[in-house]
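Several structures are given next for inspection.
In the two complexes that follow, chain A is the common piece, with chain B as its partner first and chain C second.
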Partner chain A sequence: MSPRNGRPNVPVTIDGQDVKAFEGESILELARRVGVPIPTLCHLEGLSIHGGCRLCLVDTGDHKLKPACATEVTAELDVTTTNAEIREHRRRIVELLFAEGNHICAFCVSSGSCELQDLATEHHVDHIHYELGYERHDVDASHPKYVLDRDRCVLCTRCVRVCDEVEGAHVWDVAMRGNEARIVAGMDIPWGESSACTWCGKCVVVCPTGALSFKGRATGEMRHDPELVAFLARARDEGEWIDRRAEA
Partner chain B sequence: MAATIDLDDVANVELEARSRFTHRALVCTSTGCLSAGAANVRATLEADLTEAEADHDVQVVPTGCPGLCSRGPLVTVESRGEESTLYQYVDEDAAHTIVREHLVGGAPVEGGDIVPPDIPFYAKQHQVVLAYAGRIDPDRLEDYVAEGGYRALSKALTSMTPEQVIEAIDASGLRGRGGAGYPTARKWELLHDAPGEHKYVVANGDEGDPGAYMDRTIMDSDPHRVLEGMALAAYATGADKGYIYVRAEYPLAIERLERAIRAAKRAKLLGRSVLGTGFAFDIEVRVGAGAFVCGEETALMASIEGRRGTPSLRPPYPTERGLWGAPTMINNVETLANVPAIVGKGPEAFAAVGTETSKGTKVFALAGSVTNTGLIEVPMGIPLREIVFDMAGGIPNGKAFKAAQTGGPSGGCIPAAYLDTPVDYEHLRALGSMMGSGGLVVMDETVKMPEVARFYMEFCRDESCGKCTPCRAGTVKMYAFLDRICRGVGRKRDLQHLESLCRTVRETSLCGLGQSAPNPVFSTLEHFREEYLELLVEDEEFLPAGAAPTAPGAPTDEAGAR
Partner chain C sequence: MHDIHTIDPVTRIEGHAKITLHLGDDGEVADARFHVTEFRGFEEFCKGRPVAEMPGLTARTCGICPVSHLIAASKAGDAIYAVTPPPAAIRQRRLLNLGQILQSHSLSFFHLSAPDLLLGMDHDPATRNVFGLMQAEPEIARRGIRLRQFGQEVIAAVAGQRIHGSLVVPGGVARQFTTEMRDRIVADLDEMMGAATATLELLVSVEDRFERELHSFGEFDSIYVGHCLPDGTWEHIDGKLRIMAADGSMLVDQLDPHDYREVFGEAGKTDSYLKSPYYRPYVDGDDPRPGMYRVGPLARINLAERFGTPVADEGLAAFRERYGRIARSSFLYHHARVLEVIACVERIAALMEDPVLFEEKVRSQAGINALRGVGASEAPRGTLIHDYEVDGNGLITAMNLIIATGQNDLAVNRTILDIAREFVDGPQLTDGMLNRIEAGVRAYDPCLSCSTHAVGQMPMAVSLIAPDGETLAEVRRD
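Moving on to the complex of A and B:
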C-alpha cells in the first residue's frame, strides 16, 4: 500500500460503523485500517491483486458478493463484512482447500506458521465432509535450498507474483487447469534446474502453507515471513535504497 | 483496378454468370455434411457432368449449411424458373442419378429422396442470420455480394453517422446472443464513449457448450456476414482493429474466415480505407487452445494477448480496460451476424419479429432424441413445443419427451409441463434455465436426470481453469457427490452436502463458469427431485431433524472421509 495523500474523505459504512475512506482504497485496505477483520489467503500487501481464494468476499448490497481485496470503495457504500451466509461460504471454501490437498498439520513443516491452519481455526473447520483429493501431485526437491510440495499448495500464486513482481525472475507459473492446476518452474522443469532462480527465497517466505519450505526443516519447524514483501515494496516505493548523497 | 469496388457491378456480373446455367447444384460442405461424405458427392457430380459434357450448363456450388444436418449429405438443385429441390442422404449412387435425371434430364428424380419443401422444419423458420447459409459459396466474396452483402456497410459509411448506427441497433432491440442477453446497443455506446486512440472489437466464436454449433455454422457458412457485422460495429464505436476468437476445434470455420478476410482486404472492404471512405478497420483471426473458459470475456482477452486463459476480476470492464489496456468490446458471433440485416433493412423489420423484450430471431442447434437434428433459426417467443415436436419432428421410436436442456453447462432442464413456454430470455430464466448460446438438447424418457447433471458437472470440472477455489475444488466435490448418487451408493447426507456446496459455488466463484456450474444440478433437482431420492440408499438418522448437515461432532460415514 503506497502512502496516500491528504485525508480520507469518502464516507463508507462498514459493519454499521461510519468511517472515511481514501479515494481509490479497496474495501480490504479500509477494513484493515479501521480494524475490521476480513479473512484473506491469496492477498498479500505489496503484490498485485489475484482475487482467486474468494475468502474476502463481502456483501455490498450488490446482487453478487464482492472480493474486498479488489473492490474499490465508493461514496455511501454500505459493506457487511460478515454474516451467517458469508461465514458459511468461507467455512466451506476453507474446507474445500483442505479436501483438495495434503493438509495434515501433524505431518507438516509449517504447522504453527500456516495461514490455512489459522483460517481453519478461525472458521471452526474441525472435520472435512468431502472426499480427500490427495495425492495428486509430486514433490519437487531438486533445489539445493528449498522444497516444493505441490499437494500442500493452495494455488494462491503469491510465489508466482513475488518472483515476477518483486524479484523480477519470473521462475514460477501455473500450468494445467482445474483440479490439475499446479505451480511449475520455468517450462515445467525441476526447480533445481531453473537458471532463472536467484535462490532469493522470497517465494518460500510468502507461502501461506507448507507447500514451499526450507530444506531440512522438520515438522512444525518452518517459519514464513510474508510481511517481508510489504516491507520491500514500501522501501522500494520510497526509494530507500537510492544513494542520495550525490544529490545532496 | 479502380480504387474501390462497385458492389452493384460485382453483384450484376455474378448474377449474370449464374443466369447462364440451367441448373445449379448446391452441395452442402459444412462440417456435418462433409463428415457424411459431401466431398465425394461433389466430386461425383462434377465428374459426371464433365462426362456428360453438361458442365457449361450446370454449376456445382459448394455451400454452407442448409440446416437439416441429420439428413446429410444435402444437395439442393436450383433450376431456372422453377422451385428448387432438396435431396437428402445423397450418396455416390444418388449423385449419379441426380446428374442423369435432374441436372441433365431436366426433371426432379422420380422417387428420389427429396425433402418436401413445406416441412415444418423449414416452414416455421424465420431466417435472418442464416438467410444465405446453404445458398452461397462461403469462400466467394462475389456470392455474398450478389445476395446483397456489404450493402449495409456501404450504406452506413456513406450515409450514416456512427451514432445513427448505434441508434439503429438500439431501435432494433438486439440483445447479446451469447446467452446473457445484454442489450447490444448499450455495449456499443460504452465503447463509443470510451476515450482511447485504439479500440478493439472482438467476435466471440469460442462456442463450447456440448451440443451447440450455431456459431460454427455461421462462421463456416457465411463468414463475410460476420466480417460485415464487425466492420459496422467498429464504425459505430470508433474501433480500428478486430479479432475473431475461434476455438481450434473449428478448423473449417478458421480456414473460411481467413479466406474471407483476405478477399475482403483485396476488395478494400477491410483495411486502411474501407470502400475509399477513409474508415480504417482490420480483422485478424485468433485461434483458441482448447479451453471452454476462454469464452468468458476476460479469459478470452488474456488468451488473445497470449497469456494463460484465466478470467480476471471485473471491474474494470473490457470497455474500460480491455486488450493491451485499450477499450475493447466483445460480441458473440451471432450477435454481430444480425447487425448487417438491421442496418441494411432497418431496425423496424428486425424488431417486428419476436416478443416484447426479446426481439428478432435465435439460432438453435437441435441435438439429442429428436427426429431431425440440425440448425434452425426461429422467431423469439416460439413455444418450445413447436420446436421439439413440429420442427424437430418429435421423439423417435415412440418414446416420450422428458426434458429439453438449454444453455449448456450453465443452463438447465425444462420438463414436459413447461413445453408451451415461449422461448425468450426472460421465460427461460424464470424456469431456472437460460437461453444460452443456443444449444438445445432433447432428452427422452430413458434418460436419468441425475446422470445428466453428473455429465454437465464433469464437463465443468474438466473445464474449470483452477484460479478460484470454489470452482476448482468445488466442481470436483460436486461431481463426486453426483457420482455417488448415480452409482446408487449416495446417502441423504450426500444430497444435503451437494446442495449446500452448490449454493456456495454459485455465490462465490469468480467467473460465470463457476457461478453457473451448479445450474444443471439445481434445475434437475427442482423438476426431478424424486429421481435423486429414488437413488439414495437408506440413511440411518444420525442427525436430529432440522440439524445442520455440518453440525460439529456429527458422526461421518466412509463418504465423509476423515
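Moving on to the complex of A and C:
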C-alpha cells in the first residue's frame, strides 16, 4: 500500500459503514484501512495486482462479483464484503484449490504456516466436494538451498512477481495453461541450473503454501514471512537506503 | 488337505486380518494362515519425496507407534546426511521411544489382552473387553489407563503432542529439552513405578492358570532378533542387531542394520499383503519357514543379559528362574511386555537426572552425503528398519520398510497352527477355540496398519475350509 497524499474524500459504503476512500484506492486497500477483513491469497502488499485467486470477491451491486484487490472505488459505491453467496463462493474456491493440488497438511513442511490451511479453517472446509485430481507433479530439489514442490503450488504467482518486481532477477514464470499450468524456472530448467537465481529466497518467504521451502526442513518447520516484501517495497519507494547526506 | 476354517475378522488387534484353518483328510488341522487383507503402499508413494519429509510422512503409517517410524526415518536421514546427532538429541529420541514403548505396551496389555488374561479366555465375549475389565476390576483398568496416559504424556511433553508430534528430524531433534518438560514427566514417576510393579505381580499371580496356553501358544524353537548392546544390555534405539539361535547361541552379534540385507530376506505371499522376512542362511529354496524368527519384547529379553535397571532386572531374574534363560512360548510376550514397561519407567526416571538431555545443541546440519541410508530402532512390537535410497538432491528413489509385525509373521502362522491343533476338534468352530486363536495372535500385539503399511481397524474373521475347498464354517467379528 503506497503512501497517499491528502485526505480521503471519495464517499463509499462498505458493509453498511459510510467511509471515505482515496482517489484510485482499491476496495481491498480501503477495507483493510478501515478494518474490514477480506480474505486474499494471491494478493501481497508490495507486489503488483494479480487478481487470480478470486478469494477477495465482493458484491458491488453489479451483475457479477468483483475482485476487491483489482477494483477501484468509485463515488457512492456500496460494497458488501461478505454474505451467504460470497462465503459459498470462497469456500468452493478453497475446495477447488485443494482438489487441484496434492495438499496433505499432515506431513507438509509448511503446516502451521500456510495461508491455504488458514483459509480452509476460516471457511470451514472439512470435506472436498470435488473429485480430487491427484495430478502427478515433480519436486524440484536441484537448488542447494531451496525446494519447489509443485504438488502444493496454488499458482498465486507471488514468487514470479517478487522475483521480477523486487529482486529483479525474473527466474520464475508460469508455463503451459489450464491444468497443465505450472511454475518454471528459466526456460523450464531445473532451478539449481538457473544462472539468474541470486539465492535471495524472497520467493520462498512469500510463498503462501509449502510449495517453496528451505531445503532440509522437516514437517511443520517452514515459517514464511510474506510481510517482508511490503517492508522492502516501502523502503524502496521511500528511498530509505539511499544515502542523502551528499544531497544535503 | 481340504477343509478350511476362517476366522474373519480377528478382533482386538490393530488393523484388519483373517485366519484360515485348512483341515486334512483325517479331519485334523493341516495348515493355518494369517491373512492381512489391507494395503497402503508407502514404499511406492514416498518415491520422489524429499528425505527430510520422511519422518513426518512415514509416521502416518500408524497412530499407535508413530514415534517408532519418526525415529527409524530420522536415523535413515542421519545416515544419508552422514551426521551424528548431538548427544542431547539422542537422549531426547531415547526418551520419546521409551514413552512410545510404555504407552503401546500398556495399550496391548491392559486394553487388548488383559480381558483374556484376567477375565478368562472363556468369559462372555460381550464383556471380554476393556469395558468389561473396568466393571470387574476397576482398579486394574485404571492402572492400565494411567500407564498408557503417562507414556503418551512423555511423548506429548517432548514432541508437543501425543500422536504425530513433530520433534525428530534427520540430524537430531527440532527443539531443546526444558525443565518445564521434565516437570510434566517427573510428577507422575512414583505412581507409574508403583503401577508397573503391581502389574507384574498381578500377571505372575494369574500365569499359573494358563498352563495349557503357555505350552500351545507358540511354544517352539526360533531365532530371536533385536537391538542389544555389545555387553548384553537391553537396548531400544541405538546400537546394533543381535541374532540368537533357539538354544541361546549367537548367530550374529552387532550386525550394522545397514547390512540387514545380508542376513534377512523377504518373502512375498499370494494370500496376504504382509511380507514375511526370514533369516537368509537358514533358507534354501522358496519356503521361508525354516528362516522364521521372532522380534519384539520376548525376543529382546531373550537376547539381552540384563535390562540394566534394578527393578526390571529383578523381574527378569525371576522370569528366567521360572521359564529358563530362553523363553520359548509366545504366550510369554505378555510377561516380557510388562517387564519392559518397568524398564521404561526406570529409564525415563534416570534420563530426567541426565544433564546432557537439556543441552542446547540438538541438531547436526548437513546436505546429502550418502545415497543410501538405513535407520533402525526397536518399535514396541520389535525391530523396525527403514531403508532409503536417494538421488543427489535428496529425493527418495527407493524405499524398503521392514516392520516388526511382518518379521513375526511366520511365527504368528506357526502359533495359529499350534493353537488350532491343540484346540480345534472336528469341523465345528467353537468359541473357546476361536478365543484362543485370537488371543494367540494378540500375544504378538500385531500392528497390521504398520506391517502392510495398511489402513483401518482390525476386525478378524476365521474360515474353516474342507479338503474339497468348501467353506464349512465361518465366523466374523467386527
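Methods note: the second predicted complex is superposed on the first by the 247 of 248 C-alpha atoms of A that agree within 3 Å, B and C clash if a C-alpha of one lies under 4 Å from a C-alpha of the other, contacts with A are read in each partner's own complex, and residues count from 1 in each chain.
Quick note on the criterion: contacts are C-beta pairs under 8 Å (C-beta built on N, C-alpha and C of every residue); 3 or more make two chains touch, one makes a residue touch a chain.
Owing to the predicted nature of the structure, the values given are computational and were not obtained by experimental measurement.
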According to the stated criteria, A:216 is in contact with first (chain B), second (chain C), both, or neither; which is it? second
Using the touch definition from the top, say if A:138 reaches chain B (first), chain C (second), both or neither. second
Is A:147 touching anything from chain B or chain C once the two structures are fitted on A? First, second, both or neither. second
With the two structures laid over each other on chain A, which partner does A:109 touch: chain B (first), chain C (second), both, or neither? second
Examine A:8 and indicate which partner it touches, taking first as chain B and second as chain C; both and neither are also allowed. neither
Which partner chains sit in contact with A:201 here, chain B, chain C, both or neither? Use first/second/both/neither. neither
Could you pull out which residues of chain A sit against chain B in one structure and against chain C in the other? none
Which of the residues in chain B come into contact with chain A in the complex? 291, 293, 308, 310, 312-313, 461-470, 472-477, 480, 497, 500-501, 504, 507-510, 549-550, 552, 556, 559-562
Touching chain A in the complex: which residues of chain C? 48-50, 52-53, 55-57, 59-60, 164, 166, 169-171, 174, 365, 367, 393-395
Give the list of chain A residues in touch with chain C in this complex. 106-107, 109, 138-139, 141-142, 144, 147, 149, 192, 215-221
Mind listing the chain A positions that touch chain B in their complex? 49, 51-55, 57, 64-65, 67, 70, 85, 88-89, 91-93, 96-97, 99-100, 124, 126-133, 154-155, 173-174, 176-181
